[in-house]
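After this come two complexes, each holding chain A, first together with chain B and then together with chain C.
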Partner chain A sequence: MSTLASPTGNLDAALQPTDWARPSGHDWFDALRRQGWADFQRLPMPTRDDEKWRFSDARSLSLAGFAPAPEPTEAVAAALIARSHFVARPAALVVHVDGHCVLRPALSPELTAQGVRFETLADALRHHPALLQEHLLKHGAGLGGAKFLALHQAWLKAGYVLFVPKGVEIRQPFVSVNWTSTEGAAVFPHALIIAGEHAVVSVQDYHLGATADARALAISACDIHAGTGAKVSRLAVQGWGNRTQSFQVDNTCGGRDALITSVNAAVGSRRARLENTVRIDGPGADVRLYGISVATGEQEFDQRTLQIHTAGQAKSDLLFKNALLGKSRTIFSGLIKVAPDAQRTDAYQTNRNLLLSPDAEADSLPGLEIEANDVKCSHGATTGQVDENELFYLRARGIPLEVAQELLAQGFLEEVIAKVEDEEGAEALRGMLSAKFHQA
Partner chain B sequence: MAEIDENLAQREAIEVDRSKGDFKYEESYAFDAGIGLSAGVVDYISKVKAEEPWIREFRQKALKIFDGLPMPTHWATTDLDNIKFENIRYYLAKGQKAVRTWEEVPDDVKKTFERLGIPESERKFLAGVEAQFDSEAVYSRMKEELEKLGVIFCGPTEGLRDHPEIFRKWFGKVIPAGDNKFAALNSAVFSGGSFIYIPKGVKVAQPLQAYFRINAENFGQFERTLIIADEGSEVTYMEGCTAPKFETATLHSAVVELVALKGAKIQYVTVQNWSANVFNLVTKRGVAEEGAEVRWIDCNIGSRLTMKYPGVVLRGKGARGEVLSIALANDGQHQDTGAKMIHAADDTTSNIIAKSISVGSGRSTYRGLVHIPKTLKNCRNNTECDALLINEHSRTDTYPAISVRGQKNSVQHEASVSKVSAEQIFYMMQRGLSEGEAMSLAVNGFVNDLVKEFPMEYSVELKRLIELQMEGSVG
Partner chain C sequence: MPDSLVIKNLNASIGERPILKDFCLTVPKGEVHAIMGPNGTGKSTLSKVLAGHPDYTVQSGSALLDGEEILGLEPDVVARAGLFLAFQYPSEIPGVTIANFIRAAIVARQAKGTPFDAKAYYAELYAKMDALKMDRKFTARFVNEGFSGGEKKRCEILQLMMLKPKYAVLDETDSGLDIDALRIVSEGVNRMRGPDTGFLVITHYQRLLEYIVPDRVHIMWDGRIVHSGGKELALELEAKGYDWVKTELASA
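For the complex of A and B:
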């Protein structure tokens, strides 16, 4: 396999897919992947001057030194599967290690009979190629991460597809856990969630490092399609090892009267960028986006969101809360776009940052682009410290300073944790956030 | 550009027909640098002004910076690409007179002045009846009295020539030539503007005023203003703009630098009402030393495109910065305004209140920057931006950027977008107001708490200007 020259100079040839020779049996799929590689090579690396990367440390972006890792040993796989049970009784569980599926999802016969599908990407490609062709990576990355999404597309292999047909309501969450285990592993987890009319479904995605200081490159993508009246909720936890570079490109489409709730939590990685685009395509839709993070050390959490209202009489609400310790930095850049005909839109956006260290930095870019007049739109952003009076109250009752600060910070974060509908998921999240305070 | 032409046509229908008020100066300029920009033009301007070599070098260096910088269209509107720098006159002055008498001024222009409540004595001036220079500003009326106080109020040429010990130290320091492309352009070709020095402890009771005008086709105006308020002094400076309408776009690119030394207060008031073909690309920034206060009161009603983000660098402990901004964007207009607050010392506070109104296809944009670095403590910023959308396809954007580090610093930013509620309009119409009057009243109510902050005569004029702009926006 000849190595193509990279226009960016710092790209390791190790990232070039080597399995072109083995066709998937679906020309469109192979073409999609090849297109991804071509786009990846064509697109330049972001620079500091790129408005979509404002405040990001774009200079230190590098993809060198990462390569896809081989399949894990059985012992490693078994150990990590054992650590993947965040929910005692999920609807189904799928586990990947270094981009290889180590636990294939087993769906109950009842759900299978109702037409529910929860399969690895590879299985879904075999069984439902038409469904995939219709939905796979249809939206691209409009928030600056196109080059990274292109590499994800070139490597499209690991991941899952969840399809819930019309009218089916499932209370138990579907859980997917992705681990990185090998030093320098490059992983590209993909999630595709399709909820039919009036379907009800909840999903939990955990992205984790096998060790706390795992070094990896993770470029993940998730597409959610919620049909008329569908209810979809998703918890996504980014907990990669703390020497990992993470890019996450999420796209959500909400149809008429759809209710979508997503909670994006960030605790891991050296630097992690989340790009979350929501399209509100049907009237009556209600989309709620929540973000939560505890940043420590020299972590950089870069959150970019876009709420696009193309249909009127719909609602979107966003709340991103960050607690910052050490020399960490968070960037929240959000935009609400209301199209000219999307009258009677209600759209809100709030970013709150709690600085727990004098060396931490919180950047906020809350934006609005409104082209219709009969709308209610607002945004708010605050950055500040723990309230002196609250701190005094706790200390006056004999609680040490560090404990008081942590309690207040957890109180600050609880508002978002409470949005996670599944109690086990909320508890898992609470534990990971709380652990950050103690390692900091 | 068809869209904008159409918008302009609509605009004509709903406000004062400015085209009837057009007038031109005779093209017999004693000093005319010709059309286009080159090192030769810059040298010519410097020579005409008999400037010292360091100023000429400053200009030439700025021209190089201007040539090297790209248009900021990666974040700003691509309408900027419609500026044809090679078609612009960069300097002319002296010798040209308005070719019109008061009797020749069209009635509707006279009526507009009347409705705006402009005093009789100033109407002739505004109508271009009295002789005016283009780029050399005229403001000698109050000079004598000010001189008694030791106040210097002159143009940049005189300021740098006669008082270099005062002005050279700060000239180009608050806004260096390389700050942005248009600041570089201004630094290369500036002429006209105000250089003001207020001595220690002097509190100037009356606001200092200067009217700036553009009166020649394709002629850009590049004023340079530098105000230095020495320790404990206070001054208010007012800048108002009117410009007649011409067929090709006109460029206005000013640089305004304010320096408030220890305990000084500077208030800078602008009412910008350029005609709808003017590109108004202005850089305004103040430095506030210990305990000093810089306050920008900025109102933008005219122009085709305004890009202006007055800023304050809070350099001394306890300094305070404030921007109060009102923008009204009518059909074909884009008011891209905002504020910058750079905190650079402990205990500094800043406040930004911006209100915008978009009418018809008008677009108003707020861009803000609040920066608090890590070495600082006890800094606070409050930002509020409210946008009012009048018609179905009116547009508003908000792009703040907030960066906070350090200890005990806090910022809060809030923005909201709304429209005039149908209930409000219904209520007022029930009581006999026409829909237009009701809308106008509601809009004036929206900006009322900011308008109150303007000096008296400006707030009256402003309210009437808004009424005029709102006429025909509904129904």
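For the complex of A and C:
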């Protein structure tokens, strides 16, 4: 076991996995985890000079005071399971508390018979090791969060694997809820979604704090692999407690003619960084990446995106909208990369920020890198305040200033909420976004 | 006069430019008064000043709504006091549905903690939309977004009917309306006429007043009322044109 000093010093000890002694029975998996730990120790903490961390408050990054938490009591688990029903009739529901699975997913016999698998990571490793070995953490973190993803990799345990075989269409969403409950808990939720040819599947991931002011370290990762003609939609809600540091590293791969819609919402955490890489590997693919946040207090939401087009005649569309209150900050940094062969690509990237407070700050770094010559690409960013005419119109109907501003902000956000196909998911999201205006 | 909207010696400007000049007008509750006048005479400014628009500065004067001063109040306070302004150019509010918008306006008028009766609300909303020949699907549309001119004005009258103000100022409601829309909008207003509501109908054209027949007609010129009369004054003005106002009335 390495005990090398690292830039995080002896803090690593608290975050070092303690279950090395118990092999999983799969050497590649154990090796993957050990590699993660080694990388975590080797890689330096990001600094403000790092271009990939530009504008973010890298100086205050710290992993001190976090450690994995023990299993929750039955009472705590039961209470949190009871709060996990965002969708009345999901295809299946899985719930984790502090990184421990407290509700294992129960799939209907019909879906099981069709070959659908929705299991915890641990169960999937036992039942489908080859599937995992092929797909697990294949893409890494190219947007600056490598050190954090390495720690996630070292801790690979909590999370789920969803596999939908060729031709199977499931309308009801699969739902995963991850809670932090213990003060200072470190959690590493993982999601692996594999959709076979022409499969149709939708997923909702909720990352939540048991209390509004829960303090935790959360490093989550989600990989989506959409096969030929597959249709995948995902809603990911980052709603950790407001003293949490969150890092989310997501990778999406779209095969030929795949349609992927992903909505990433941020309401929780003290600081939260989302790194989302979209790979368009198949011609005709259509990947839609949306972001939405309401930032309050001293929250920092740091959004880094990359749309990589390697196949031609494909489309990617990105829209990130942030509403900022208090002294909050948002950073959006996005890049569209089009490879020389990816002719007739349509790629768009838009970031819109609504400042609802004079002390809030939104930074935007849109970018294009285009090596093909027959493409339609655009990027744009706007940051502004509430429109005075709209505000007057609402107030002229008797709506008080604060309520009018909130309505306009919700209207501003609605464009992204409308991208959530599942009405219950959209309604849950609306509720969480709306609640932020009242605690602000 | 407690049951009136009484505007006295109102002077207001936008920036350094004076627009309303010792403007005086009284609209008793239960009556419909029309203000006619050429463009640029201050008609729309009057409506915005009354509604508390922040771009205008009031130098002096008063506007009493049933005895309560409304000048200087925040726009939402003026509205809750009972003044409704139907906009000449209603704003488009992306992402906010008509149902949620009107609901927020009604909730703002309720005492704190009063539960909102959604069932009764929708029943009333649908009934009034039917009366205005508005598709019920409009409740889920974003306020004024992508609406035609006629749809926007119908939506204004829908809000008027739902909020039941003590006084309504209709600012050039007829602009941009075809004859069918004009008839429907006017029917909506006429349905609301009664002892509890006073109307101030601002228009450039006599056409609207064929459908909403006023009790009094006032002619506005250069920031004040220069002549008042019965409903026949609108016809006289139509026949003689605004040059008549300029030469005969403004110099008086």
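What to note about this one:
Basically, the second predicted complex is superposed on the first by the 431 of 440 C-alpha atoms of A that agree within 3 Å, B and C clash if a C-alpha of one lies under 4 Å from a C-alpha of the other, contacts with A are read in each partner's own complex, and residues count from 1 in each chain.
Assume contacts are C-beta pairs under 8 Å (C-beta built on N, C-alpha and C of every residue); 3 or more make two chains touch, one makes a residue touch a chain.
Computed from a predicted model, the values in this text were never measured in an experiment.
Once the two complexes are overlaid on the shared chain, A:E197 sits clear of chain B and of chain C alike.
Within the superposed three-chain model, A:D317 lies out of touch with both chain B and chain C [touch as defined at top]. Of the two partner chains, chain B is the only one that A:Q385 touches; chain C does not reach it. Once chain A of one complex is fitted onto chain A of the other, the partner contacts of A:L408 are limited to chain C, with no touch recorded for chain B. Look at A:D286: by the touch rule set out above, it reaches neither chain B nor chain C.
Once chain A of one complex is fitted onto chain A of the other, the partner contacts of A:Y393 are limited to chain C, with no touch recorded for chain B. When the two complexes are superposed, the chain touching more residues of chain A, out of chain B and chain C, is B. Once the two complexes are overlaid on chain A, none of the chain A residues touched by chain B in the first is touched by chain C in the second. Within the complex formed with chain A, the chain C residues making contact are 51-54, 74-76, 78-80, 85, 87, 90-96, 100-102, 104-105, 108-109, 142, 159, 163.
Those residues of chain A that touch chain B in the shared complex are 49-51, 54-55, 340, 343, 353, 355, 358-385. Listed in rising order, the residues of chain B touching chain A in the complex are 74-75, 358, 374, 387, 389-419. Interface of chain A with chain C (complex): residues 387-390, 392-401, 403-404, 407-408, 410-415.
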